[in-house]
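Reading through the structure tokens given below for one structure.
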Amino acid sequence: MIGLSHYLILSGLLFAIGLVGILRRKNLLMLFFATEVMLNAANVAFAATSHYYGDLTGQMFAFFIIAIAASEVAIGLGLLIVLYKKTGTLDLDNLATMKG
Amino acid sequence: MDNILSILVFFPLIAGVLGFVVDKKSIRVYGISVAIVEFLLSLWLWSSFDGNNPGMQFVELVPLIPDFGINYYLGVDGISLFIVIMTALMTLLGMIAISIERDIKNLILSLLFLEMAMVGVFVSLDAIIFYLFWEFSLVPMLYIIGAWGGPLRIYASIKFFLYTFTGSLIMLVGMLFMAYLYQSVSGVWSFSITDWYALVLPVNYQLWLFVAFFLGFAIKVPMFPFHTWLPYAHGQAPTIGSVILAAVLLKMGTYGFVRFSLPLFPDASVMMIMPIATISIIMIIYTAMVAYAQEDIKQVIAYSSVSHMGVIVLGTFAMNAEGVSGSIFLMLSHGIVSGALFLLVGVIYDRRHTKLMSEFGGLASVMPKFAVIFGFMLMASVGLPLTIGFVGEFLVLLGFYHLSPIVTILAGTTIILGAVYMLTLYKRTFFGPVTNEENKKLNDLDGKEMIALVPLVLIVVWLGIYPKPVLEPIDNSVKSLLTFMEKKAQTPLAKEKITLSQTSKEAE
Amino acid sequence: MEKYLYIALFAPLASSLFAALFGMSPKKMFVGVIASILLGISFLASVVLALYVNQTGEGIHVTMMEWIGAGDLLVPFGFLVDQVSVTMMVVVTLVSTVVHIYSIGYMDHDKSFNRFFSYLSAFVFSMLVLVMSDNFAGLFIGWEGVGVCSWLLIGFWYHKPDVSVEENPSISPSWAANEAFIVNRIADLGMLVGIFILFWNTGSLQYDVVFAQIPHLSEAVLVAAATALFIGAMGKSAQFPLHTWLTDAMEGPTPVSALIHAATMVTAGVFLVIRANPIFMVTPDVSYFIAALGTFVAFFAASMALVNRDLKRIIAYSTLSQLGYMFAAAGLGAYWIALFHLAAHAFFKALLFLGAGNVMHAMHDELDIFKMGGLKKSMRWTYIYMGVASLALAGIPPLAGFFSKDAIIETAFNEGRLILWAILVLTAGMTAFYSFRQVFLTFEGDRRYEEFGIHPHEMYKFVLIAMAPLAILAVIAGFFQSAFHSFITQLLPNYEMSAHTHHLVWILGAIVLAFAVGGIALAWIKYSKGLKRSEKVENGFLYKLLKNQYYIPKFYADFISKPYAMISELLWKSVDMKIVDATVDGIARLLYNGGDSARKMQTGNLSNNLNWMGVGLVSLLLVATITALIG
Amino acid sequence: MYEQIAFYLFSVLTIGLFLVTVLSKNLLYAMTSLAAGMVLVSGFFFLLGADFLGVVQLIVYVGAVMALYAFAMMFFDATKDTKENNTNGSWIFLLGGLTALLLVMMFAAPIFSESVVASYPSVEGATNPQNVGMVLFTKYLIPFEVAAVMLLVAMIAGIILAGKKMDHSLTTNEDNIEVKTLSKEEEL
Amino acid sequence: MLEPISVSLASLNLGTLSPMLITIVGGLIILLIDLIKGDLHKSLYVMFTILILFVAVGSVLGLNVNERGFFDVILIDGISIISQLLVLLASMLFIPLALTSKRFHEYSYPEYFALFLFMIAGFQFMVASDNLILIFVGIETASLSLYTLIALHNRDDSYEAAVKYFTMGAMAAGFYAMGSAVIYALTGSVELYQIANVLQSRTAESGVMIAILGGAVLLLAAFAFKLSLFPFHTWTPDVYEGASAPLAGYMSVVPKLAAFVVAMRIFGMYIDLEVEWVRNAILALAVLTMTLANMMALAQEDVKRMLAYSSISHAGFIMAALALDTTKGNTAIFLYYALFMFTNLGAFTMLWISRHKNKVYHSRYDHPFAKFAGFVKIMPLGAVIMAIFMLSLAGVPPFSVFWGKIYIMSAAVDAGYIWLAVVMGLNSAIAAYYYLKLVVYMFLKSPNENDGTVVYNLTKPLMTIVGIAAAITVGSVFIVQPLISYFFYMVSASGY
């Protein structure tokens, strides 16, 4: 029988995958993908918990996470466009004038 | 005028703020006038002070942050009264003697702010208000050293600031803990020192708190091994900075011992007598030797300050009226004498722009007045009887002898070693033939310098011959302090070591 | 009578302050005159007081005002004129009056004439405070006061440069002044400790209170107090090992040497022992030590005087030697004899010094007796004065020295201290020898000075007249021995020779006299015809040892001064700067550099930033997991 | 049984696809696999009975978000292999592996508790969208409205950031000041 | 079948929503104004924004303590009221800084002001709720607006800053979501008071602790990012450097304050539940943060960047107070921010006043220390005021931050954490160095040649703001008492 733990472990794994993505990506666009993975991991956990407790709050949270993810994408891409226009690249390593 | 203390504190502040408007050319006269008024006010304070009352007088108490127990709480007793007067006096004389022309306005205004802070430290009876003035005094001093000092001025001023700042922050933690203890006993927050006095603390708390306060005070004094900021500060500071620093700022530390450490932690103070005496002896002997090795006149006097402060600290922990009164008197005398010596060094620095002894020699022939006053202050500094320097030193050593003859004999070497470095300094600078061509045409003291120095000479003689008007109020307050400590002490050791004098026993 | 007390005390102060007013002006004759007159007034007042005390047999005790009052300590400015102090007052004011007048002539050409009188009078004031004070703290005021005046006066010619030790053993006046001050300070510490001991055990510093308490004090306390006080006395009276400053102090003008370093200040130590006799009387061990040390110093100083070539230094050594005699007497309990010798010595020694001053004046400050000789023609009066003084010093009857010194030697015999007696007798012979060696080398024989182109001349008349009282006293003082005895023993414990000694007194006296005459005769034989130097003797070990003052100054220089300077330098440059300060700066630098390296984590690279966050999360998770699993 | 199979299948696929998203060097692959992974996640939602959530996931994520990404990709002209100088692999994977391990340990704990009472249980007989609607428009009305504001913010931000006005910065456009630079900085 | 749900308007307690509603509506009005008539001068929007904020302040003041509204999603307790007040007040001080004499890109957008108001609404929702969902949405609303505001400064540094902030923020959002998920899985609730109830019964269960701590760690990581605690702080200096000076000053106060309130709610709950690990972790992070940030600030060459590190260190300071979880500690947080706000904003305003459009003093920095060399000669009053701000930040009495500092240290002492107070003291001493460094430059060094342009950006509104900040910094001793008593009352009323 698939229990809550199964879903949560899955969620944990997805989260770790997202984390790895964030940590290793140098292309900003692809880095954003990884954040989506992380948020999705949380969504899975919420939906599963919601299911196993028979409580709808989890689904609510998941909705809002989706909304937030969407907004983030909008703003993130807006920023990327500005950045790209100015610098012509999305490579993180070019984004280190401020340091120290 | 019951609120004379507030006036004393805030008059220089307001004068300083208003001074921003005063024209640059008139600022010097403005500053001196303000300082004169302040000095007169302090004399007024003395004249209306009741010398037979050992307690706090002119008390003002206005709740400031009642929820946190912070009050605007001022008062003065025999212990602080004269330090206040000396502060006003030294500021005045220092200001008269200023020879700096550059940015004089800023200098004068800084001095006025500094005066406010200094007076504030000595009259506050609330720990936080005390701390407030204590810390604030660093700021103008930082500016004075940093802006008008020698080549290493910035290093010296920052070192001065950070070093003392660090120590006092630890002290602040101690204060907060003290307030907490008071609160846990009485249920009310209070930072008022007089409230704290009533608090009987367990000995281990006393020890920890003693150490916390000690760090704050010791760095200020400065006690070995926390003294190294002082030679830099003095070496780089302009004359006025050194004068104020030596005369007043250092006294804050020893005053703190008397005001806080002794009455708050009588048992711990008694237990710490020997460690502190050891440090004091190191200060006395070690710094006297270091002073002997100096090549710079000002550095000699700077290190000699440390050495003398060692005697003062020793007296503070003598635990009898002779020693403690002597120590407070010595604070005054050291303030006046070292202040005068720094003024004197400033005199030749102004003329030659060097303070190296090797540059001089035979000045006694060229500048006889200068030599006379210098020699006079030198004798006061080495504690010649009938000068102000003797009374305090004698009392301190006398007082501490009761606790430990060995320590006293070691500390007594100050009269020998002090003579060694001071006379060597005097010989190298003033005696012998005039070898340096540049020294042959030096002018003797001018009117301005005489105005600044002669009053100090008179005070040195006056208080050397007739210290009673000053010593008696001090002694009264000290006796009541010791009686209080003895009552409060819990350990038999403390009861044994704290010696009450006959007169205070009768008073009970 | 109090009026006279104050006059006697404050006239010198007035004189000093008056002279100080003109301290920076060029020479003003009236300053010297007025100072001398004021001193004379002081002397007269002292004499009046002495007569009063003699008449009534009571002292005068006044308390002028309170000085220091703290805790239980109450020190007033109190003055006591009793037999002891009045004796000292008369001696001091008399000698100083003479010296003041003398100085008018001697300092004639000095541009700091006025300043000199200011210092000199200040010294007299301090000395009077010292002897008149009714408590130990007051005594200490005078004690330090004379120290400072001594410093000022030794260093009076401060402008002279430092020279090497070979050229001048005292290096320079300012060096000698500092040495004197510092050495005295060492002893003063002992004195202070003595004062502290007395205060904490008796609760007061007043003589009468303290002495009244003595029976209640433990022996340890008394021994400690006596020792400490004697250490103080050793400094002022230049007893071994603190004696080196006295000969160096001869750098000062000669009147100073006469007044301070012969007649008055250096006897302060003896005065202290006499003053505090109740303490020393109950501490026989300390007293015996004092006597032994005094005897030793008497011999030790005399031995150095044997070979010295410096006119003033020879007299200085003789002073040292005589101080030893006084301590021997005081240590043996014959306080009145010590005081008597003190007074007598003051007269003839001051005379001797002033005579030396005349010679110096004539010889243009040349002091080497090997360069003098045959001065008797041009300086007859001086020769007479110095001859008389030397005879007195040698102890030739009926001059003053005979009575006082002989009594001391007798005392040693009487006490059964035969070794001390023998040494003292021997020393008496040496004293006679070196005194007359000096006199003869100076005044007799060939005129060695001529090759240096010096034309000596006698001192001013008024100066010579002023010296007369001293000469007279040097001659006749001894006759007052018994009168003085009855006067002084009203206060001081009486000391009488035992019957046994009394029987032998003539024999003893004869032995001493024989030594003295022998010494003079030897000197006459060797030196009256002129200087004969013997290479062999001068290169001998003993001669060199004596000439170099037993190498003690060198020892002090090499093993105290130089190491002190070296250690000071080391403490400053290595310990203070390199350890203490460097630690502080090190902490600061550590923080700064730590911050600077920590900045490297701020690469500015977003990827790194994210990694830091990842690392943070994982480490927190890791710690949390471990905690959860353990706990 | 079928639920188990579906779970494991979907799990493996999701993990695989997301791994591709994270590891692939090709932007197109990464994006495609992300979209596919999200579809699979919505599959989980359906499995868990959160039908409405699943639909939203499909529409918003797979539809809108991926469309945005697609546009962005075209804008950035990033179809080619991006040269990524990725951070040192082993270190990152160690970190990721450790995270995974720790999270798995954490989630392997008996998190589920019978004692937990659902605050907003599904109403008997109502469909999932109805249930969702009831909670969303009562309890979560405010968050919902705030989310609307948030989306408004995102919209405005997107518009102005991508707008033409950003091309000419007023900030760096000097009006009148001459440029000067300091000499070498003084060290404190 | 389904029944329509009827909800009475009264039970919704609409008043609790009014402050947020006002700011949101204000933002919408600004958008409308822009739609109707473009090309209006920024001063209109500035003043309008201030008015809106005034109204919002008024409505916050009208709130009753400890009310809930809208199905208990909105929580108006004491701390939400005071934090809203502080947020609004700080915003009112911030927004006039748009009225510079030189043109900067962001102020040409009316949307800038609208976004600003939305951001404030986001903060308000954050602090006025104990529902993790609403908190999350509030955080994101505020953050997304903030990213945009930063980027709108429109130069290379600001994009870089915005992107960095955004990306790390997105990661933190992931942490937050995941942490909430864990908590939800543990308790079946996303409302803190219920979570507390359930967790209380579950802390004793065996094997669950790992999940409890895990959830806490994820949330802690998310908030550590917001509060810039080590090692999640790396964005702070870069973002502050890239953002315009006023915005940097604003960021160092308002978002952090809001985040602190949420952190207080969440971690206070853990500590109340006697999950000591959380307290220790927070303390460790706090101590590390203040120490390392202080050390790194020592070596900075740019004032703004130095202030960024300083604000990290201050955050560490406050975080330590949070870990105490005593009423006094929590009061101290608000007191500290109330006092710190003026000083810090004042300091950043001084930088703003001296800001040039381009980097004329240094190839990278706008405000290198050297720029302020001899400032006292050029603008004595300005130098004095800046010095007062610096000394205040260093904790020199009697300036404002000192009072906050001793209150926090006192709270630490009371809670038995004397070592913490000592660490705070020592850190203040280290910090004094870099604040002094600026003072030293301004007062003790001689000015650069031809430096009349240091006060390039000065206008009357800016002077007013600086004046207000300076006045409060200097006269703070008189406002501490009312603040303490008000805050203490509010905090204890809300049970923290």
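Each chain gets a letter, A, B, C, D and E, in the order it is written, and its residues are counted from 1.
Please note the rule applied: a residue touches a chain if its C-beta (ideal position, glycine included) is under 8 Å from a C-beta of that chain, and two chains touch if they have at least 3 such contacts.
All values derive from a computational prediction rather than experimental measurement.
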What chains, if any, are shared contacts of chain B and chain C?
-> E
Fewest hops from chain A to chain E - one hop per pair of touching chains = 1
Chain closest to the middle [Cα centroid of all protein chains] | B
Centre-to-centre on C-alpha atoms, which chain is most distant from chain E?
-> C
Between chain pairs A-C and C-E, which one is joined by a greater number of C-beta pairs in contact?
-> C-E
Taking each chain's centre as the mean position of its Cα atoms, how many Å separate chain B from chain E?
-> 43
Which whole number of Å gives the spacing of the CA centres of chain C and chain D?
-> 98
Counting in whole Å, what is the centre-to-centre distance of chain D and chain E, each centre being its mean C-alpha position?
-> 26
Could you tell me the distance, in whole angstrom, between the mean C-alpha positions of chain A and chain B?
-> 65
For chain A, residues contacting two or more additional chains | 4, 8, 11, 15, 18-19, 22-23, 25-26, 31-32, 43, 48, 53, 55, 57, 60, 64, 67-68, 71-72, 75, 78-80, 82, 93, 95, 97-100
Residues of chain C touching at least two other chains = 588, 599, 602, 604, 606-607, 610-611, 614-615, 617, 621, 625
Contacts with 2+ other chains: residues of chain B | 154, 162
Every touching pair of chains is listed here as A-C, A-D, A-E, B-C, B-E, C-D, C-E, D-E
Residue set of chain A touching chain C in the complex reads 19, 22-23, 25-26, 31, 92-93, 95-100
Within the complex, which stretch of chain C touches chain E?
-> 588, 591-592, 594-596, 598-599, 601-602, 604, 606, 608-610, 612-613, 615-617, 620-621, 623-625, 627-629, 631
Interface with chain B, chain E side, in the complex: residues 376, 380, 391, 394-398, 402-403, 406-407, 409-410, 413-414, 418, 421-422, 424-426, 428-429, 432-433, 436, 439-440, 443-445, 477-478, 480-481, 484-485, 488
Contacts from chain E onto chain D in the complex sit at residues 1-2, 5, 7, 17, 24, 31, 70-71, 73-74, 102-106, 108-109, 111, 114-115, 118-119, 121-122, 125, 131, 133-134, 137-138, 140-141, 144-145, 147-148, 151-155, 158, 182, 185-189, 191, 194, 198, 201-202, 205, 207-208, 210-211, 214, 301, 356-358, 360-363, 368-371, 373, 437, 440-441, 445, 448, 450, 453, 456
Sites on chain D touched by chain A in the complex = 3-4, 7, 11, 14-15, 18-19, 21-23, 27, 30-31, 34, 37-38, 41, 44-45, 48-50, 52-53, 56-57, 60-61, 64-65, 68-69, 72-73, 75-76, 78, 82-87, 89, 92-93, 95-97, 99-100, 103-104, 106-108, 110-112, 116, 118-122, 131-132, 135-136, 139-140, 143, 147, 150-151, 153-155, 157-162, 166-167
